[in-house]
Amino acid sequence: MCRPARRGRLRPGVRGGARLRSAGAGVDLNVELCGLRLHTPLVPAAGTHGKEAVQASEGVYGAVLPKTVTPQPRTGNPPPRLAETPAGMINSIGLQNPGVERFMEELDAFDTGVPLFVSVAGETAGDYSLLCGRLAADDRVRAIELNLSCPNVERGGLYFCAVPASVEEVVAAAVEAAGGKPVLAKLASEGAVEGAQAAERAGAAAVTLINTLPALAVDARRREVRLRGGLSGPAIKPVALRAVYEAFRAVGIPILGCGGVATGTDVAEFMLAGATAVQIGSAGFVRDPREILREFSGYLRETGLDARDLIGAAH
Amino acid sequence: MCRPARRGRLRPGVRGGARLRSAGAGVDLNVELCGLRLHTPLVPAAGTHGKEAVQASEGVYGAVLPKTVTPQPRTGNPPPRLAETPAGMINSIGLQNPGVERFMEELDAFDTGVPLFVSVAGETAGDYSLLCGRLAADDRVRAIELNLSCPNVERGGLYFCAVPASVEEVVAAAVEAAGGKPVLAKLASEGAVEGAQAAERAGAAAVTLINTLPALAVDARRREVRLRGGLSGPAIKPVALRAVYEAFRAVGIPILGCGGVATGTDVAEFMLAGATAVQIGSAGFVRDPREILREFSGYLRETGLDARDLIGAAH
Amino acid sequence: MRFHRVRVESRERLGSYRVLRYPWEGDVEPGQFVLIRAASQRTSFDPFLARPFSVYDLRGGVMSVLLEVRGRGTRLIASSEEIEVSAPHGRGYRPDVPAGRVALIAREGKVAPLRLLYRRLQERGVDHDIFLQLAAAQVPILRDFPGARVVDDFGDLSGYAAVYASGPGAVPPGIPCQVAVEEMMACGEGSCYGCAVPLAGGGYARACVEGPVFEARELAWI
Amino acid sequence: MRFHRVRVESRERLGSYRVLRYPWEGDVEPGQFVLIRAASQRTSFDPFLARPFSVYDLRGGVMSVLLEVRGRGTRLIASSEEIEVSAPHGRGYRPDVPAGRVALIAREGKVAPLRLLYRRLQERGVDHDIFLQLAAAQVPILRDFPGARVVDDFGDLSGYAAVYASGPGAVPPGIPCQVAVEEMMACGEGSCYGCAVPLAGGGYARACVEGPVFEARELAWI
């Protein structure tokens, strides 16, 4: 459904550094995603930017994306919920959230004047279509991201994602219920390409790649498992880049890159690999997202390119 | 076939720190793997320790494991073959090796008085059984590791691993050809549990988990792909630990842990998660493996445990 | 999270503690915390996360934190000339105390949040006693807590109008008690839900936003 | 790989180059390299790999390397008091040269491996000329190469009995030429096959074991 006139692949002549702009001119950060204009290609990754963080980084993000919401409230997993790993972290939050109704009451806190995306998760295709139906009716919601890949919920998204057939089923149900709102399918790294193809077949407007990697932290001193959860952060960037790259070759819908983005150069790498927009997750905990945008702008200034010129240009 | 009296799971009473040894006593590093006694639970990961490295770390490794060998010589992939990533690296060597015949002529260089394992890869089940047949005849070879998961060979191991049915087929063929020598199946992280179960059904003596993760490095300055290859190093440790942990619950054969092991504590974590022995790969490039063994011995001294007591003790 | 690069103005050892001081404009409540990391960490993502520390004191534009070296993060911070710090976060001790003498208690050497609190109480003329559970190497910290008593356990606190505690543990029933907790944190600003503290009524609160100071009776494990 | 922790004895700037000196017992061939990383890197795995540097000089138990800051690794090394170094590795320049005057040429500022080579040639009384392709900021390095000429290109070298080159590029046909290459390395000791250099006869050699100095005609891309 949503194939923007995207991916201005760089023609060989352009690659060499043509289209240089006059020094000092502003850079063009705009990208188009599913018919929406994002004034920057940065989007918060679901579950990593609370409303305070979103408000504190006003101007940085081209769209806003709060934590995944489920039909009913969820208390989440018992602590410990975090572990630090080399160049990364593991979390096992367990989708703590107040449920879709309470969430919708507080939605205005996320309104910063840019398109608002909402992330949803359920245990059955019915849950997803219920959630999409609820959001379809609300004009504030501009797109819906289906979290099909949360590794921290025992019966949940993860299993949809593991089997392309169920990705297709869930996405199709969600698209139908969303009543024309773009539906994004967020997939795990495992089976990303098949999942992206299934999502495309089922009418997804875009795919988000990737969610955290299934991971474990062991506490050697106590000789016990500290945490089973999802690995995020710079450690997983090379895996995420690979998924984006392979999916770009396999599907025609746009890709939101996600996983370990922590610098302006990382943003460029994801776009070159095929992402139309890039999500910032755990890096937001350790850096100011405005710095990441500043670095990315610097990259565009040096190369003389517009943000959208980068999309898929490394292929 | 090979179920050592392994996994002395710690009984609750023992966990608390009983069996303390008199201070200063040496530590017991021995483990039993597939009927072989390893004087330490450390093994080099295939492809990361050339003969110079193996010789330089004499005494550290309980077994030796050279680079994967294929039926015919392979020149490997064109450069660049390496990229550095946060807390890790990507390689795309492409199984450069002189072919099994030349390899066997030089095998004695790897004899340091500990059991010698040989890693093999092919493109068909027939290749694997050919290689195993060739090695079965050689008394110097004590076990065979099937590389079923190399992400750098276009038609190759990776695809066997992706589908449990073909893991089973290849392992069965290899076991038959190996004439009683223990056969280890080295699997990717993706589908590790199903792969391990398939390998067990087919008669594998053990599984090695995990190989590198499929990854990509983009060169933002040149706006091109630098490298598609496999991610290794501390970055992937949490993913490898998770695979070992899940496989320990799913299969009865021993597990060789591999992926990001870089400190003595890491060795302990893998054993606690269920590994009987632990492979050292990229960390050998940046640290002296003797230091890793020293740290691990220190850990055993502090906890008062024998190496084998750790196996699976976090379950 | 927004970090500010500052130069460590002074560094002092008090037994196993170190006091780091850096310039800081702005106000703070006793019990709030800051996130800190070595400035060198910015070009390295290992370790990945910044570390939370209670505000120890703030006077004349100088912030101090009291740290004990535990692992890599604290070791790096302790030896860095330049550090990156967040603004103070979280909910500190609430000053709405009943009239009467109050007790300040620190469990297992977690004295840091009590320093600014005790200075503020003093300024406001609130009578108080300070009880500190300290290891031998921590005793030099008494310099900063004049009149404080070192104790093994806190005995009977039932005569006090309120208890301000730092560090988890049982509290006397019936006395209003506020307690500062330490939970591992990632974002430190309410985004990640990683710092969950179980609530008496079920569910979890976030130590970084609803805490780190809680009414003791609200928590499930006190 | 075995690393040795050493203290940087001195550090000097020569234009965009820096010379680092550290104590080292043992011998070395011109053209060999060492792996170096900041000692602080040992407790951090980001950056992960050590970095290769040509041996610049070795005299009286003092090793020197010449480095230019390129990225994170070199920046960390340049500013570290303590570094970790490997022993010298690889195959250097072979001294079996035909009689006659020889040329030493450095492409794009890659002068480092020529320093010890030129000193050794001098000691053995071999007549030689040195030609260096330098950027403006690199010119101060001439202090360490007395008599060397700065050139844009190397002109006609056909009169020389042999050429010792540093840095890739076309070499005059018919003259024996040894060339030092730079390929990214992981293990630096022949284990990983990551530093592959294409050979004229097909296949690859490892820069860290069969090189970094090769006979130019053996390589595919010269």
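For clarity, chains are labelled A, B, C and D in written order, and residue numbers in each chain start from 1.
What we mean here is this: a residue touches a chain if its C-beta (ideal position, glycine included) is under 8 Å from a C-beta of that chain, and two chains touch if they have at least 3 such contacts.
Heads up on the chains, UniProt names are A, B = Dihydroorotate dehydrogenase.
The structure displayed is predicted, hence computed values, not measured ones.
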{"item": "Chain pair with the higher count of C-beta pairs in contact (A-C, B-C)", "value": "A-C"}
{"item": "Geometric centre distance via CA averages, chain D-chain A, whole Å", "value": "45"}
{"item": "Rounded Å distance between chain B and chain D, as computed from the means of their C-alpha atoms", "value": "35"}
{"item": "Multi-chain contact residues (two or more partners), chain C", "value": "45-47"}
{"item": "Sequence positions of chain B contacting 2 or more other chains", "value": "83, 85-88, 233-235"}
{"item": "Pairwise touch network: line, ring, star, complete, or other", "value": "complete"}
{"item": "Chain C to chain B touching residues, read off their complex", "value": "45-46"}
{"item": "Contacting residues of chain D [partner chain B, same complex]", "value": "1-3, 37, 42, 45-50, 183-198, 202-204"}
{"item": "Residue ranges of chain D touching chain C (in the complex, touch as defined)", "value": "40, 43-47, 72, 75-76"}
{"item": "Residues on chain B engaged by chain C in the complex (per definition of touch)", "value": "86-87, 234"}
{"item": "Chain B to chain A touching residues, read off their complex", "value": "10, 15, 83, 85-88, 90, 190-191, 213-218, 220, 223-225, 228, 231, 233-239, 241-242, 245, 260, 265, 268-270, 272-273, 299, 303, 310, 313-315"}
